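In the two complexes that follow, chain A is the common piece, with chain B as its partner first and chain C second.
Let's look at the complex of A and B:
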């Protein structure tokens, strides 16, 4: 991928992550690559001591890229902190693409610290039966039914928008590239993951 | 996402400038631009154009669609149509605002452009309000919103989606209660 494409990927991931109620697949390659580029550019800038227009523009670009990168990572951490139980359980169940290595460590630390804190302050003094509470399952999961705005990049046929029940057949729609929808996230979750649909 | 972030995204759009300095090709991470020759038009990202203009190193060339006739036509189309028309650029409002603010001195009829843009904005905004009203009254599960710009979507996003989420929760609970009632009624027969 060219650098320009990688930057576009980062921007896309940033907006998707901001608008999505849950964690999307971690993109460690993109993050690492962008971080490397920023460091390299910063070194170049440092080594040139004079202030020229060119340097200023390079500096501004680095600041812009850094902003997107940190906003992206911060958005992920926010969601991870809110729903750490859900994501840890998801990881244990075999879905390992959502968390980067450091994010997994972070989630595990939160989990242990939260449990220790609750234990120290309250659980310790309670009857033993309460101690068997499974903490991970009590943390509220993200709201996957959240309404989001989505833009279709690749046409999708037969998207189920109303599952089949005893009374009726399933209702499905076709979404063409270029269209935009206001729709519940759950219905397009897999499409966002594979890039057919972007969040706006 | 706040307004500034939407504008930030718009600043990645390419725009033509006329530099008044000489410089070799700039190898930015997002692409190569240049070389810069005084008097020769060249394309750069909007954020570069803004910075150069602030340092009085260039003149910004408004895009082809930024003129009185096109704006007037868009406004007429928008008032005539009951749906949203497709604007000439995904970042129509952001770009217009930025370019008007930096190119005030050499853009003809700036004030009129600004007024027409405001009219277009207001018309679309009113249409959006009525659409949302209709959508909620119809209790529809989804809506198609082609031709809405990112800025407009972002403006109603927080409030609208939060309200829809609440309504969905209430509907689910109501459904749940009805199902349970039906189940217990049938089990008694």
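Let's look at the complex of A and C:
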């Protein structure tokens, strides 16, 4: 993939991750690619060794790419730290694409450390009846009902907006490419992962 | 009434929520734990009476009320401890891996240990990204220029830059430095960005 394509993908992943209330699929290959590119660009710059405007512009570009990458990883880490119970249980239930291996390790360490702290500070002094708690289910899950702005990339037909109940038929909409919607995140969760819909 | 001390703990935390961490209220935590213990013991007496079938309906109601009191106290304690941990976590991202001593004195011993463990796991994660690791606490704002003008607020003596040259950080001296090296010092408060 060319540098431009990689950067476009990173940019797209960054915006989607920032606007989404939950974690999207982990993209470790994009992260690896971008890190390698940054290293190559820095090596190129170092080997030049004269102070020209071109070098400055390249350096600024490297800084900007580094910012986008760190911001992407930071927003993932923030969501992971806030809702680690939900994501760890999701992983145990079999949905393994959301967390990279390192992120999974990090989440597990956080989970054990937090439980140990609660145990040491209070739980171990409590009577046997309430001595342990299920930390993973107590940690608040992400708010999937949040409204997000979405821009449709590929047409989607028959998206169920309201499920069928006894009173009425299921309410469905057709989304054409290029349209923009303000819609509950839960309805388009799988579409964002597929790339059919972008968050704005 | 049961659960009052638990509520006071939560109110304590709520009052301090905008600033940095408030002091760890060891005394109140202990009192809440004692209350839980007292409730359990009272309940055990009643339950043993129920087993012998010498209890009345009021006793069963009392057992339920005490149980809910216990659970509520536990919930208040968990909320207090957990939210303090969240606060400490934000402090790590603000101040870096060394927290100023006046805030540190507000943390309990176990919170200090949790902070060290968090530092370790965060450093491990950041170090595993790419070859040399990627410091996620840098580059918080998008860069719009390579070099920035900073004024030094404290005496720090000499500092070495990445390109080998050294600069002398005297109070009120103005320097024109690359952004990446200033960022952590600006966050610490040693340098001030002149706009």
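Quick notes on this one:
Everything below uses one rule, namely that the second predicted complex is superposed on the first by the 199 of 200 C-alpha atoms of A that agree within 3 Å, B and C clash if a C-alpha of one lies under 4 Å from a C-alpha of the other, contacts with A are read in each partner's own complex, and residues count from 1 in each chain.
The working rule: a residue touches a chain if its C-beta (ideal position, glycine included) is under 8 Å from a C-beta of that chain, and two chains touch if they have at least 3 such contacts.
Please read these numbers as outputs of a predicted model, since none were measured by experiment.
Once the two complexes are laid over each other on the shared chain, residue contacts for A:102 go to chain C alone; chain B is not touched. By the document's definition of touching, both partners, chain B and chain C, reach A:64. When both complexes are overlaid on chain A, the residue A:56 reaches chain B and chain C alike.
Applying the stated contact rule after C-alpha superposition, one finds that A:19 touches chain B and leaves chain C untouched.
Of the two partner chains placed around the shared chain by superposition, chain C is the only one that A:81 touches, whereas chain B remains out of contact.
Legend: residue contacts after superposition of the two complexes on their common chain; A:138 is shown touching chain C, with no touch to chain B.
Counting contacts by the rule stated earlier, residues 56, 60, 64, 67, 71 of chain A appear in both its interface with chain B and its interface with chain C.
Contact residues on chain A toward chain B in their complex (touch as defined above): 3-4, 7, 11, 15, 18-19, 37, 41, 53-54, 56-58, 60-62, 64-65, 67, 71, 143, 145-149, 161-162, 178-184, 187, 200. Residues of chain C that touch chain A in their complex: 29, 33, 36-37, 40, 70-71, 74, 77-78, 81-82, 85, 89, 108, 110-111, 113-114, 117-118, 121-122, 124-125, 128-131, 134-136, 138-139, 141-143, 145-146, 179-180.
Across the interface of their complex, chain C is touched by residues 31-32, 35-36, 39, 56, 59-60, 63-64, 66-67, 69-71, 73-74, 77, 81, 102-103, 105-106, 109-110, 113-114, 116-118, 120-122, 125-127, 129-130, 133, 138 of chain A. Within the complex, the chain B residues that touch chain A are 1, 5, 8-9, 12, 21, 23, 26, 28-31, 47-48, 51-52, 55, 57, 135, 141-148, 150, 153-154, 157, 160-161, 164-165, 168-169.
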